[in-house]
Amino acid sequence: MKVRVITTGGTIDKVYFDATSDYEVGEPTVPHVFREAAVAMEYELESLFRKDSLEINEGDRRRIREACERSPEARILITHGTDTMAETAEFLTGIPGKTIVLTGALAPARFRVTDAIFNLGLALGAVQSKGEGVFVAMNGTVFEAGQVRKNREQGRFESADV
Amino acid sequence: MKVRVITTGGTIDKVYFDATSDYEVGEPTVPHVFREAAVAMEYELESLFRKDSLEINEGDRRRIREACERSPEARILITHGTDTMAETAEFLTGIPGKTIVLTGALAPARFRVTDAIFNLGLALGAVQSKGEGVFVAMNGTVFEAGQVRKNREQGRFESADV
Amino acid sequence: MKVRVITTGGTIDKVYFDATSDYEVGEPTVPHVFREAAVAMEYELESLFRKDSLEINEGDRRRIREACERSPEARILITHGTDTMAETAEFLTGIPGKTIVLTGALAPARFRVTDAIFNLGLALGAVQSKGEGVFVAMNGTVFEAGQVRKNREQGRFESADV
Amino acid sequence: MKVRVITTGGTIDKVYFDATSDYEVGEPTVPHVFREAAVAMEYELESLFRKDSLEINEGDRRRIREACERSPEARILITHGTDTMAETAEFLTGIPGKTIVLTGALAPARFRVTDAIFNLGLALGAVQSKGEGVFVAMNGTVFEAGQVRKNREQGRFESADV
């Protein structure tokens, strides 16, 4: 089995630049995290763009969808900002033969306390185990696309019908 | 969905005692890791025993199996030392109606560089997504029980038929 | 011996807010770092303001100087943004009977890889050991005020006469 | 200024080997910690031996003393196990022209929560700032040799006359 990892930016990849005393979306953190976790699973990294998810527009979502459609790997893990992750997940439904899992983080992977490392594990566990479909892996939970939303006040994902 | 988490010891829970200048199996690390990762999934923690996996014997394995059989939750995550994790996984096969995923770590969860946090995510992703059966989630890979072994020289898990 | 710790903001106290997808100066990190390092030295924390050091103006520097002058403790550790730390240090020279050490960080204390924790140790070691005067403790080095500058291209402090 | 760093083992350098499920004193952690803290101060590393401090005997202490005496650098930082650090400090008193600071850690440097990084900063700050003499830098405090002991019940260093 081989997995495709598509990165699109978001908090998970945020770094801090002292020069500008500002943050920016940096290099994908996935290779670093996978190395530290001794991941032996083969994967292909595709860094599609680097955006905050609030800046992701219809054209960006089409690019993600096309990347999924043309992916030779059937199993695809996508890192994505959290604010519109649920929307992108829904946009990706209906691609035949593909298992797609989106994840991200509420705190940058470079922090000492972060959900990024756990979430990447959660998503990699789900993408290997689920059948065809689109899923969001956040807060320790594997949600189906269309049945999940981000609760911004509480800063966590929950079932959309709760 | 609710998950049962059974802990049995192993490297993942190793702590360091300055008094004895030694490492020992400590409190289960799962609640701490789940809290940091903002896991919202409900779970029941059952700390069965605290052993290095080389010390786990037939009687211990029977206790783990019984704990799985009587678990009201159908989805069970087990933390376990790595040396005999593959053996315990095989011992647990054949329990109807249960999805069981074993995981652990090559470096203690309390280390700055550790696979523990990622592996717990991986296992939690798999246990929610797999059907009935027993699995080992290590090195970024979800293996089926009976088809995995630990390569001790290289310090990683691999398919048993490689 | 008792030390006064005056905090003024800067990168060392930067936190990340998912809501705004931005970094901001947060709570002083000193109590957290001192607790993890099992610091038994008594200290009084005075959180003066929370600013990026590029925003610190003449009035702010006067407030810091007055806080030093009225401090009942003779030994004072100041956390400060790095960009104008050398300027503030020079501004504080000439207060009789006080040993003042400024420190900060190039990466936020909440990062996994950061100089913040080491720098706070460095500054606390220097402030206990130096006689009257003002010093900058950065990059593993205790500089005298007036003889240090930040090299912004290389992102480190160096002797001003190099 | 240039500092000599002499390493002798102890908890600070403890690593964990999964192969043997045991701990051992590993490579000196100093170069790694100094690099992460962007230490620009020049230093010479001398790895003298790797022992738990309870195993350090009279002959070992003589070796440390000789290493200090022949050191071309006047400022010497020693990493040492905590259990007999106070004894070694006293053994090293009386070397003319040298400033010697001993430090170590209650939790290994490789842990996520550790005093090792802070303590190395504390010791480096003190060794640059103190005059001739021997000191112990632990628990955020720079003690004079002969006036400090380890309180083993509470796991911290305190003034010997308290």
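Each chain gets a letter, A, B, C and D, in the order it is written, and its residues are counted from 1.
One rule holds in what follows: a contact is a pair of C-beta atoms (placed from the backbone, for glycine too) under 8 Å apart; a residue touches a chain by one contact, two chains touch by 3 or more.
By chain, with names taken from UniProt: A, B, C, D = Asparaginase.
Just so it is clear, the model here is predicted, and its values are computed rather than measured.
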Distance-maximising chain from subunit B (Asparaginase) - centres being C-alpha averages: C
Rounded Å distance between subunit A (Asparaginase) and subunit B (Asparaginase), as computed from the means of their C-alpha atoms: 25
For subunit A (Asparaginase) paired with subunit C (Asparaginase), centre-to-centre distance based on mean C-alpha positions, whole Å: 37
Overlap residues in subunit C (Asparaginase), where contacts from two or more other chains coincide: 106, 112-113, 155
Touch-based graph of the chains, sorted into line, ring, star, complete or other: ring
Pairs of chains, among all present, that meet the touch criterion: A-B, A-C, B-D, C-D
Interfacial residue positions of subunit D (Asparaginase) with respect to subunit B (Asparaginase) in the complex: 11, 14, 16, 18-19, 21-23, 52, 54, 81-83, 106-108, 110-113, 152, 155
In the complex, subunit B (Asparaginase) residues that touch subunit A (Asparaginase): 1, 33-34, 36-41, 106, 113-115, 117-130, 137, 139-142, 155-158
